[in-house]
């Protein structure tokens, strides 16, 4: 039935391609209808992992390549929340793409992205995983830079990184295939674990090939620059998909491979270096996550473009998730998975509201915006709730997963990791508030006076997202039961939960009581508000300009909006050791071009060079042989 | 005194002289000439393979009388045949080379390969 | 069971407001004594609050009202989770430290949102400074929290208090003296007292966030500040001074508040980025030293 | 390479070539087992050309066919065979006294045909490359050239005809004869500025080439394999002995002569001023 | 089994090249028909021979009624005939383009005779069973290459052809040295017999032979130090010549390399051992080819001229093919064959479509690709499809080639596995500059004046040839197990040297 879904999707994508320009919204309606169909099917299929489906492509040269799918609890959970969020963004993009240019191409490649999204998560063997992985890489590349005049430069790092990681994975798969003879994931994971005993060299090569994919796709430390560039150029509704969903693929694959490996090593640490009883390698990964979150937070504080800010916050959140995942405690892993879900939700909310603002004002620099809340209350409300949940403030869903991450880290005794996470989460509050203030509050510039709220169709996903954030925040037990089923499939001890009361080794919280406390104190504040004398509405500029008319000093409202260098002095603190990794990659690129240029000039050099090199190469072979 | 090894060494030396000329010369015609030297060196090597000490040339004529299986005292005819073809091939390539040189000269007004625009537009 | 919670809720929140205002009055008298001049009666802050709530006030947008209310309710919600002596509003969740740390941020967020909706440029500058400073003092405080959680294996304040019962010698103050010193300096930043009050400095940015507040909004600000004093001193007493019975708890809180005021009235004002540098170097190294000692011992 | 560091380039070139020279000498002074270049070879016993020179290829292959293993032809070499007498033995395999010509045209005839094409294609290449190039005409012939050419042409003509006809008896054959004809046409150009029209030369060249290959193809249809000898081979040493080789070699000489004169003509005064 | 008529594959083109060259009025008018007729004849006749080979196994053709060790012979085996058919198809396509493009009016007759000789030479190279014969026709092959490259008579093509001439003449001298050396030691020129007792040769002479043979072939194979002629000759040559060069010249030299290494030197089990100078030939070749892959890819990445990019990318693919061959295992060989198939199919199409896209533009660099999608929609689609096929989109032959390549280097080749990183680097660079080109197609070109009246006069020959190539691509995409049977059969044939010698020297079985 999954294969039926995929083929149906391909047919629809081609159908959508041929719809004429006039009926644009028809194309996007087909698009969102298809996602709704996948959502409906994932829910109805349910979690029974006996569901197996295969479709053999060809059997060539003693390889029998076939796409086969199986519903694993982890895969099912990821498909559920990714398809839900894709459905919401698709509703949003129906209206947004009414008169976009080159959106016919975006729709087509986005369709392929969705097909490969479901395919990837439900894949049962490495070959299908690789095929969809490569499809995603290429189609997301094409959606980000769909032939606009925007140069190829912005996205080339993303493109190069994704190819490198997909082909390293390919070589890793081949080594595993050579060992086990089949592509199926279960057998290969067991073989991968046993590989560390009999041929450690090969095992390390395979491990590195898989880890590079994880580092690249979830934008960890050395590769953390591509999200910011990719988002700046991506179409607005796609950037919510890009940071909500696409950045999670590396994580999904690592959970498949490395969690069973590290847990196995944790039980039988035969000849592995163990650092406070988890393998050294996972310790390094945890620390890389922490470093990424800190660096990304400080980069986010500095960034002035709202989409770049959101992109860096995604990178920071991916940092938390990796640290929690590789702390290898049951709460840590559960917290990581829960945080991926929550992060997807509130990040889509942030990006949708940013897209709404951009839809109306066509402006992404934060200091040029301001006062949007007065004109677009619904977008403001979504952004506010998303900020609260992103900063991990209790009543909403961000808090529960952050709390679980802390429990995980503290219960397995990682003092400095928790400190790093805590530093980056307070830092998160800093730049999130900056975004809230400079986009929505403060002074409304003159040119945005006639800005209206976004059409109703765009507001629907915002309402649903708000509802999701609040409901998960108050009743997390529905999601935690799903996560428990995932933990049992990896035989990790479950989280004991009694209707919204989560018990951890260190302490327990009841999110309903937390919500009650917050509403109680809000009612108290409201009562006090009513006691006080009624207030009078006054124009924002009146008190400040003390009655004079700002026009005769030709001061506009825009000048009073303080947003440009919001944390200026704070940023100067880090001037001394500010290494710009983008600069590092640019230098590599220049170096490669230089070498290539040298060889190119050498190639088309004068005629005499030909014979000279002909003989020279002969001599080199002889010398090489003599040295060998 | 002249045996195969001496001939082999002689032809390699000639071969290397030809290549040395081809490498260090500036003028294109001189390069073509040194390449024909290389061709002749390989031809000489090819002929020297068939050399048998004090043997008669492989042509049956009056004073040789007869060729008998027992005392077949003639040098190896096959390399001679091969050399015949190799010489013509050498001629062929040099002919085409000269044609190209004329055309290049007509284009660049010089035959010095260093000044033949090595930094062209790429 | 429901009314039981409402009653407990009211007790918790009203005590924090009343006692907070009381501490402010006593503090004002204390500073006047240091400066050798006279201050109004100890109940002066009660009078101010009542006066403010009975005056008309101006607001620029409904978001401003909503923000100020949210700020105040955030602080009250945190106080509910604080163990006042041995009384807990929610018996089954006895003062979870991580919840308290995160609830505090609601107070800041609400206040900041309301104030920045007022449109006055001074307020966001103040808020920016406050948030930057927050990241400064959160580090030593978080380190102390981590240390304590490691020390007695649970993040509930109830357990931390239980371990400190008995004589004065097993107070955490004596077990981890350096951590205590670091947290006291952090407390100074949390309350926004003199060396670290660049964000609400009246001389520099017309008292920053509070510039547009008037009437009942200023009253809300007062109440928020009062319950904030009660909250932060309450946390430190629970963590380090083994919060005893109700009266002992209040006296320890007062002692801590007066200690911060005494430091405040002596020191000039830091620039906020130097403040952050200060926080990340001196108090953090104290608590770090203590943590390393603890890790080596274990 | 700039002008200045030219002699540095020379030094390096010398160094590289010295290394290659050493590499090329290794095979001579090597002690290990396995075949290598000996000091001198006694006789043709272990070579294929023994069969060519004793013209006994067909009956060697006959005996090998029974034993079924063609790689063991060296043992059969010392079987008794009647020897080839000059001007007496007749109806041999190919009947040409000059064994080299027998190899060139009969045993390994395909190489020569390939060589023919090499010459053909390089001359076409020359004409294509030099197409529509205008040359500076040579100054008119002086008296000395005129008389010299007048005196020499008959003798040149005679020798070329002699060489082409005696290909199978004496050394030389189609190719040298052709080049002599070409020198003849060069003299005519220098002396009397006379040359055949290019169209005519091309025609001769292509027809003679076509004929050579056609005759060879006839072999396929008559004797069952390409270049097979379907004409009688006559008595070794006589002028009219191996007929096929005689015909082929004369056609080759005509073709090569025409080709080279085309080449000389294009190099001499360009293609288009076709007088 | 004796089958003497395969010679016609070579003789008919030569006869028709003489015919076509005749300056006779009748032929002047009808030389095009003769030209196409011979090519079609060759194609059909090779199909017939293929059916005979399928029935009776390897066929041997004797020339001059003298059996192999003495006379020259042609061997038509499954592996060589299939190569021939593929090359004939590519030749037919480029011939169609050449004939129906009417700009080189004057010496079109001469060029068609050169092309016919080119056809005869490469079919002879593939079929021959004799070493000196291979040398002669290899020379014809390289001289015809030189002539074709220099057809355009402008700066780059002349420089390219003169460079190519210099290198190939030195290469031919080296080859002559090697042939002389082999004859001096083994006394025979027949490939089968050389293969039979190549083992007996001593170590240093074996190295001497291998090095000198390689010297001449490598310059054709566009391996880095020897491929200094590519950049000028590909950039300068005419379009149909590029198709010929990339499609046929590289593949023929690859065939020679395979034939030399696998049948004559019996590569995987070659014993090159001497006490004080051990030569690990596999490591030497691997490092050499990986160096050439890296350099070719880098130059392709940084060069601007479209033709140069495609040329160096084809050079890099050929080094990858050699890289796969040096693994010496069956799967390595099958990956090499798969990559050869993908090169033969998609590379000519790439050249064809890129030529058409940049037709109007003056200089043929990357910017001339701009706005290709609406200027020349048909050819840009062709370009995109063939680029995707060439870079190895899943389920295409190139993808399976890479799959097998990874599999060979993942299996028991101990420390050779880490050469795979070179392959990964080359794939990434390749993906990058191909997608950069595709991306350029979509970009709007500001400099272009919006003159709507540029009628893209779609020349029929390009349209037809593009269509045929695309259909072949699609067939190979939909029915992958066509070439599966072919590959298994080929690898069996190549890997048992005995069978090759058997067909020629009969070695005792009746």
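Labels for the chains are A, B, C, D and E, by order of writing; each one numbers its residues from 1.
Throughout what follows, a contact is a pair of C-beta atoms (placed from the backbone, for glycine too) under 8 Å apart; a residue touches a chain by one contact, two chains touch by 3 or more.
Source: prediction; values computed, not measured.
Common neighbours of chain A and chain D, by the contact definition above: B, E.
The interface holding more C-beta pairs in contact, when B-E is weighed against A-B, is B-E. The chain with its Cα centroid farthest from the Cα centroid of chain C is D. Chain centres here are Cα means. That of chain C falls 80 Å from that of chain E. Chain A and chain C, compared by their mean Cα positions, are separated by 36 Å.
Note: centroid distance chain D to chain E, computed from Cα atoms, is 30 Å. Averaged C-alpha coordinates give centres for chain B and chain C that are 99 Å from one another.
Residue positions of chain E touching 2 or more other chains, listed in rising order: 132, 136, 139, 143, 146-147, 150, 153, 159, 162, 166, 170, 183-184, 189, 207, 211, 231, 303.
Within chain C, contacts with two or more other chains are made by no residue at all. Residues of chain B in contact with two or more other chains: 4, 19, 22-23, 28, 31, 78, 82, 85, 89, 92-93, 96, 100, 103, 114, 116, 120, 122.
Here, these are the chain pairs in contact: A-B, A-C, A-D, A-E, B-D, B-E, D-E.
Residues 3-5, 8-9, 12-13, 16, 19-20, 23-24, 50-53, 57-62, 64-69, 72-74, 76-78, 80-82, 84-85, 88-89, 91-93, 95-96, 98-100, 102-103, 106, 114 of chain B are the ones touching chain D in the complex. Listing the residues of chain B that touch chain A in their complex gives 19, 22-23, 25-26, 28, 31, 113-114, 116, 118-120, 122. If you check the complex, the residues on chain E that touch chain B are 132, 136, 139, 143, 146-147, 150, 153, 155-156, 158-159, 161-162, 165-166, 168-170, 172-174, 176-177, 179-180, 183-184, 189, 231, 303-305, 308, 363. Put simply, chain A touches chain C in their complex at residues 371, 373-374, 380, 384, 387-388, 391-394, 399, 402-403, 406-407, 410, 413, 415, 418-419, 422-423, 426-427, 429-430, 433-434, 436-437, 441-443, 501, 505-510, 513-514, 516-518, 520-522, 524-526, 528-529, 531-541, 543-544, 560-563, 566-567, 569-570, 572-573.
Of all residues in chain A, those touching chain E in their complex are 57-61, 63, 102, 105, 131, 134-135, 138, 141, 145-149, 152, 156, 159-160, 163-164, 167-168, 170-171, 173-175, 177-178, 202, 205, 592-593, 595-597, 599-600, 602-605, 607, 609-611, 613-614, 616-618, 620-622, 624-626, 628.
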